[in-house]
Amino acid sequence: MAEILLEGLSKRFGTEEVLAPLDLTIAEGSFVVVVGPSGCGKTTLLRLIAGLEEVSSGRVLIDGRDVTHTAAAARGLAMVFQSHALYPHMNVRENIGFPLKMAGRPAPEIAARVQAVASQLGLGDCLARKPCQLSGGERQRVAIGRALVRAPAAFLLDEPLSSLDAELRARMRLELARLHRALRTTMLLVTHDQIEAMTLAEQIVVLNAGRVEQTGAPLALYHAPCNRFVAGFLGSPTMNFIEGPEAERQGAHALGIRPEHLRVTRAQGLWPGRVDVIEALGAESFLHLSSGQGRLVARLDGSADLRPGETVWLTPAPAHLHRFDAAGRALPQRPG
Amino acid sequence: MPPPPASRRTARLMLAPALGMLAGWMLVPLAMTLWFSLQRYTLITSGAQGFAGLENYRYFITDPAFAPSLGNTLALVLGVLALTLPGGLGIALVLAQPFWGRGVVRALVLAPFFIMPSVSALVWKTMLLHPMSGLLAHLARSLGLQPFDFLSQAPLATLIALLAWQWVPFVALILLTALQSLDPAQIEAARLDGAGPAARLRHLILPHLGRAIAVAVLIQTIFLLSTFAEILVTTNGGPGTASTTLTYLVYIQSLLQFDPGTGAAGGILAVLLANAVAIFLMRLIGRALER
Amino acid sequence: MSSLSPLLRKAALTLLGWSVGLTLAFPILWTALVSFRSEADALGAPAAVLAAPFTLESYAAITAGTRFTAPFVNSVLIAGGATALALLVALPAAWALALFPGPRTKALLMTILGTRMMPAVGVLVPVYLLFRDLGLLDSRAGLIVVVMLTNLPVAIWMLYGHLREIPGEIFEAARMDGAGPGAELRHVIAPLAAPGIAATALLCLILGWNEAFWTLNLSAAKAAPLSAFIAAQASPEGLFHARLCAAAMLASLPVLGLGWIGQRALVRGLTFGAVK
């Protein structure tokens, strides 16, 4: 269990700045998720913390100890690599047991720990297999198992769930959350999947093009994004953005409204819109509409009694209307 | 990961011995060859006797053996390629299909490539082709024919046959390896699209093999240009100059006629010829490196 | 072909495959046969040779004195020594090229390859004179060095190809898992690099064993390996048929064995990774 502190940490490859100087505190025992689009520098950030990459500037502190120039092995962190990085010549049992073997643990203890971790991850049946004989999901779980098997100061997880199918991903997400609650070990997970971020994180860091856009609790970010990027990145389907006279009328360059905050009625409303497509998922439905404000998406509970081509009225909930200036920054909520 | 300066220095240190040796092995002697080729020099008096200009080159090129050796070199390379490419492709296509005893057949097919050149040459010369005691002579006599003295009547053609025998397994092996990387689903899709065996060969298999064929051609050419032991053992370049290649002529001039100056001039010409081929090969390999 | 039943098709392929294989291997098979005949029987007509009794006398004769065994030992020492040396020099170089690539890596690799494309005859004169002046003519040490140098580019390329296929993150994972440099070498690097090193060694052994330009030009009696010894039998004073065949078999068998094991390595190595 450890607190990780980043002070002015930055990374350049040649002349290209991949990470702008950033400050971040990862509290002891917390679960922090760094989320951002592909190529924004998430893996680089983890590698800097792990000690696999030289920093260009700034410091990394673990529990107050400056480890900026400490070797990776001596930082006491466990990492799950995006590419898994399993040892191809070792079977699953040896892969998971390797960190313990390196720590010089006695064989019976290693066997017991490996067994426990493997059954926890549903890998009990493939302990004797080599990585090349595993499915993508199994490989990923072995990579997680290799990190879990020891008690590190913190876990660094690089898109640990990305190659799992939807069902398994949901299960492993719960498993990770449960695990964190049980271990209370600091976890830093990076992902480009905002659902993962929303469901797992106690604290989300939104990264974009090497810059931190916003940091905060998931719902705080969801309800009060500080700019258009954060607003659009969190939430699915994504927030509706409206530009033009309607936005100007409200003193903004753009308006943002989430699909669930657009009320849909047959009569009486603010904007008329024509239904293009209805995605009915059973518990909820998404209406894709064309309106004077552009294309919009609205969410309805249950199934909608509507047909494509029909015209409906849309009304945004004023309390949830976001306003952005020309630079994309969020403007303060208008009173009333 | 761009390495930190310290490990870059280590890397340079690790590379140094190999690079130093290769430079010492090729560049220095090559420069010396160039120098010798411009000197009046004999092995017997042992020592340079002054600048000769391009005299050695003139001497080498006007040697009555030079024109035939160039022709022989060309005929040798083209002849062997003409035999090994179709032969190797045919063998690869057969070996790519399952049949009984395929593993053993593969071993049999590959065997000629692994036999050392002097053994192959000697076995052919004494066991198969010898006009008195060779197997083919026995065969001819039993058919009531006059035995044919292959190595004196048709030295170049015989040499081509011998080299083709040595190299056809190599081509087959390369093409087989390339064939095995062809996605079987592609063949099945083509079959469903109604492509017969000939159409599949022409439109699917040959295009897929294109690179491998090019590599096989170039590598064989490079090695064939340096053919030495086979000629030394079978024909010694003769009769006359009938089977003297450029490489062999350089050897004759340098070590048999004790004329390093002319030999060196010939060596430089051989290098130029080989480089003309090597450029294409290096380009192909360089492209493979990028993937 | 598609009109044939699968079984018939397989039978036809079997017939075709075996006839091609036997035809190509015939000179070798015939050599093997004659090597097991007495010298007198070996000179007969083919049918008589076939029917003659089996004997190991030519093998016994060949291996009795030092006439054959000395070049055999030379071959073992030259091929083995050259391979060991080539690996020793090539491994760090390939390691540096594969794991610490820089802007010049590709140019370096192509230069290394270029030295292998250079025809040996282009440097025959200076190398011969250098050997003469250094007293290295007809010495095993000199041949070991030359054979090692001709194999060095192949060895570097092959090791490079193998090492490059190991994803670097594996080593990083080992470091994260607490492996120090020693443990990393023992548990991760060595087992992962071993197959590539073995394949490279195999190819170098084959090429070194069969090398027949420098061995023929730089050796006489003392250091002559098998390739030079066998070539010398082409003269009228050479060995008789049965003994010649026995010598040919003994000279070929080691490489036939190695070659069979290392076919894939051979394709990769000789095509410099352009065909895998």
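Note that the chains are named A, B and C in the order they appear, and that numbering of residues resets to 1 at the start of each chain.
Going forward, a contact is a pair of C-beta atoms (placed from the backbone, for glycine too) under 8 Å apart; a residue touches a chain by one contact, two chains touch by 3 or more.
What you see is a predicted model; the values in this text were computed from it and never measured.
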Revision key, fill the gap. Sorting chain pairs by contact number gives first B-C
Review point. Which chain maximises the distance between its CA centroid and that of chain B?
Key: A
**Study point:** Centrality ranking, top chain (CA atoms only)
**Key:** C
Practice item. Quick one: report the Å distance separating chain A from chain B, using the average Cα coordinate of each chain. Key: 59
Practice item. Could you tell me the distance, in whole angstrom, between the mean C-alpha positions of chain B and chain C? Key: 16
Review point. Taking each chain's centre as the mean position of its Cα atoms, how many Å separate chain A from chain C?
Key: 55
**Study point:** Junction residues of chain B, two or more chains touched
**Key:** 1
**Study point:** Per-residue overlap in chain C, given as positions that touch at least 2 other chains
**Key:** none
Revision key, fill the gap. In chain A, the residues touching two or more other chains are 52
Exercise for review: Using the touch definition up top, name the residues of chain C that touch chain A in the complex.
Suggested key: 167, 169-170, 172-180, 183, 187-188, 191-192
Check your understanding: chain C touches which residues of chain B in the complex?
Key -> 1, 3, 7-8, 10-12, 14-15, 17-19, 21-22, 25-30, 32-33, 36, 43, 90-91, 94-95, 97-102, 104-128, 133, 135, 138-139, 142, 165, 168-170, 173-174, 177-178, 181, 196-197, 211-212, 215-216, 219, 222, 225-226, 228-229, 232-234, 246-247, 250-251, 254-255, 260, 263-264, 266-268, 270-271, 273-275, 278, 281-282, 284-286, 288-290
Review point. Which positions of chain A touch chain C when the two form their complex?
Key: 50, 52, 71-73, 77-79, 81, 83, 85-89, 98-99, 101-103, 146, 150
Check your understanding: What part of chain C is in contact with chain B in the complex they form?
Key -> 1-2, 10, 13-14, 16-18, 20-22, 24-25, 27-28, 30-31, 34, 43, 45-46, 89-90, 92-93, 95-97, 99-100, 102, 106, 108-115, 117-130, 149, 152-153, 156, 168, 206, 209-210, 212-213, 216-217, 226-228, 230-231, 233-234, 238, 241, 244-245, 248, 251-252, 255-256, 258-260, 263-264, 266-267, 270-276
